[in-house]
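To keep things simple, chains are lettered A, B and C as they appear, and every chain counts its residues starting from 1.
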């Protein structure tokens, strides 16, 4: 019989790092206008994780929880005990039960940490932390030998960007770009994320904000389950236009043209005699930080 | 003797060749669905996943919109494969009203995989608790057991005039089936590896394993075993956890007899407790459903070839030594190191046995020591690969082509026309315009004859 | 352990030097090419025999990591001393010596080819780390310095020109090269850092005048000159570097050369007198819509896909960062600026966790690396090494340590705890 030629299909083996936004401020509903509960969101995600594992025996998923006060690994399918040992009754498969258990522990810890700190009015989650963790893990995968699976990162983000993380997030994005790791983003919140738009654009990942979240699994399996090899010949969401304009430090206007300090790279909209940032005697870190916020916001 | 072709044929081709009814029955087993899905080309996997929760048939046209123009050939391959394996069912409503091709997932397949994504993978059977099995082999022990078992099987396969006093449970006749085509034993000179036998040895373990398993399955009907049962058991086996013990009493009759054979191949290890007996799948078994020649399952290389044609193999295996001996002169054997040289003489013997230079080179490259691979230079020095090729082409200085000889052309014009015609058909080998003689390849002789008739 | 390795390296260096002499004496003929390859590679030195006579390779990880940490400490000490300002806008001329000395083959295959290979890597790394900077290439051949590429921000055009260079001959002239470069660098704006990096193969310089005068001139023009020598130390080079505040290093072998070269990629500390802080006018162009045909000012042809539009003169350019071909405005995007920020906020080096602490309080130490989850429990002959971030006290494996400081520039521990965030 005429059969399709047998080929090597090993190039679709992938490691998917899923960064799960667990920010209570987002899911508690104050900002959550999407009307999808955390538990149904988790259902979709678990189905997605299972289907990634289904696609190839060598596929691997790692889930990192992006919390409000901390970040931690909550699932690593490569560690043997997470899959192989089914629970006593054999009813609840080990993968998700183990993950749910770890997720719960994580949420409790995360909440305890926030009790220690006074509420600051910040509602962002620690994207920079989970991105950094994911990249460290990916480096381990890349070091593991000549034949390693293709790593990629998927951010499931709901809460708004935290401008104070701008530098750290950008550092992580550039490091991902250097290691050729695409960052996919799926926005489950109400607003677009400027950080993740840039992340996906710079690293060649896919950025998608599903119009409705009822069929989240279909979006996840159609778009984000695609291995890197197949992406070159599939129709995927086109990169959205990313606004790379900066905003000035003095008036926080988005500008086309501006003046940049040659020493500290602060941005101003008008010509001045001296750069006000780098001439001050105070510790510059704080000042830079102060000035970086608008850039992040305009993205 | 029937010529057995040693090709890296995918196991799934065998599954696809099963009759429709049997195939549909196979899909009742979740593990088969899983294994079949994993064997598909990446694009086909994605399509299956995409249609997983879609109950309505999807038209072929709308699926074509999923791919970019460059990927269209891959799209065709994926769809063909899906239909061949009956994962996709074409025009499920009998005949379609709109005369448009549409596809739908095989319902059994769909239900099984929906369960999988919702609840995750489960194991085919419960493993036994450690209180009964006491001490299980460690992962390393198991790996070395599997390798040892497999290598001793191979050694026996290639070097066995002594099949009769075999230690495996395979009947001599079974063994002979395996050897068919790999070893020839016509004369008094004892068994000799055939061309395909050598090729077989140079393949990687997974491919070798599949070859043997395939022979095993094909011949199962003679032993009164349904090949579909065997296939489903083997695929199921690949979803067991490596290193866990499973009770033999959970197996049925067919499986129990298969288990014994598989233990001889190193796929599983059998252990006997006080009351119960159990089997432990090794890495070889759990890698079965990984698609063939998947490079990621390949073991580490051990061969270092230097620019002076010396060859160092860091290996303790007798089989490796035997394989290297096929084309190299082995000089020393240290505890974990084999030292040899690639010489003209050793290669000539290899070529005579039907091994090609490309096979030797690709064997050396595939099994190159990791340290060598880390270097920027090619894993086998270029001068060595070139020389191996040159030595082979030395042996093939004369090329034989069946041909026909034409002469006594009536006129120069007819002759030149014939020359041009032969040239156009790519069959002109030689011409002598002075004496109007012409040699063309035999394959275009009929064309030539027709042409010349027409000229008259 | 440390003492042993450094000693070992010294010995090797001496041995190598001796070998070079030997090589020249026997004039390359007594050894086959393949023998020489191994004689120079000394691969047997990295083998050791165990009690049963099996051969194993020495684990180099720990040694490498120790070297890396030493470098990191030196680096952070240097930045601490000179405040945290960095020269982020650099104008660098790379001067490549293509005199006859560059045709020697102590670097494989020749010095020239080895230099070209690593300069290519350097140029890419340089633009990755200094997106707003410019490079120009100058060669010295037959005693004449020639500028092969003008100052520019596109790595590809430099690399293309560099790779098309062939042949080396004649003498080398330090003065000619410096005069030429000085002439070019005079014209750049005052906020830019003027730098010259000489990759010097020759042991002599053949100059038309007094090279000391030229060195003084460079010093006056605030040009920082650094030299990487490929053969031996030369006084005039050392003098040049001392006078102008650059660094002078000699490459022992190809790997060392690569390391020395890449050390010039991160921006040098800005010394106030070298470059005046200044405000530079820059444009932040927007990406043109996809599918609109416009004439590209860099390729001079119509292009369909979206480029970037200069906000001042509306000319289209293909890539950022660049200078507008029409109005000369520097065009950047905000991520380009962000790419340089890690130089301004370097993360603190991690501290090695002492063995005493490990042994005393093993019961409550984490068993996995915080970054990659690799096990930190010593197994077999792997050394028991781990590092900890002084701020968040998380423990990391050595591989993560290197990755975090060389590429990521974030401490995952600090980033994953809100209250410990100082930024």
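By our rule, a residue touches a chain if its C-beta (ideal position, glycine included) is under 8 Å from a C-beta of that chain, and two chains touch if they have at least 3 such contacts.
What you see is a predicted model; the values in this text were computed from it and never measured.
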Chain whose averaged C-alpha position falls nearest the assembly-wide average:
A
Sort out for me whether A-C or A-B is joined by the greater number of C-beta contact pairs.
A-C
Using mean CA coordinates as chain centres, what's the gap between chain B and chain C in Å?
47
Suppose each chain is reduced to the average of its Cα coordinates; what separation in Å results between chain A and chain B?
41
Please tell me the distance, in whole Å, between the geometric centres of chain A and chain C computed from their C-alpha atoms.
31
Spell out, as numbers or ranges, the residues of chain A touching 2 or more other chains.
none
With touch defined as at the start, can you tell me which chain A residues reach chain C in the complex?
68-73, 76, 113, 116-117, 126, 128-130, 132-133, 135-137, 139-140, 143, 164-168, 170-175, 178-179, 198, 202, 241-246, 255-265, 267-268, 271-272, 274-275, 278-279, 284-285, 288-289, 292, 295, 298-299
Interface residues, chain A side, partner chain B - complex:
1, 3-4, 6-13, 46-48, 50-51, 53-58, 83-84, 86, 90, 93-96, 145-147, 149, 217-218, 221-222, 225-227, 229-230, 232-235
Residues on chain B engaged by chain A in the complex (per definition of touch)
8-10, 13, 16-17, 34, 37-38, 41-43, 45-46, 49-50, 52-53, 65-68, 70-71, 74-75, 77, 80-81, 84, 113, 116-123, 126, 241, 244, 289-296, 298, 370, 373-374
Inside the complex, what are the residues of chain C that reach chain A?
84-86, 88-89, 128, 191-192, 270, 275, 277-287, 289, 311-312, 320, 329, 332-335, 337-342, 344-345, 369-374, 399-400, 403-404, 407-412, 415-419, 421-423
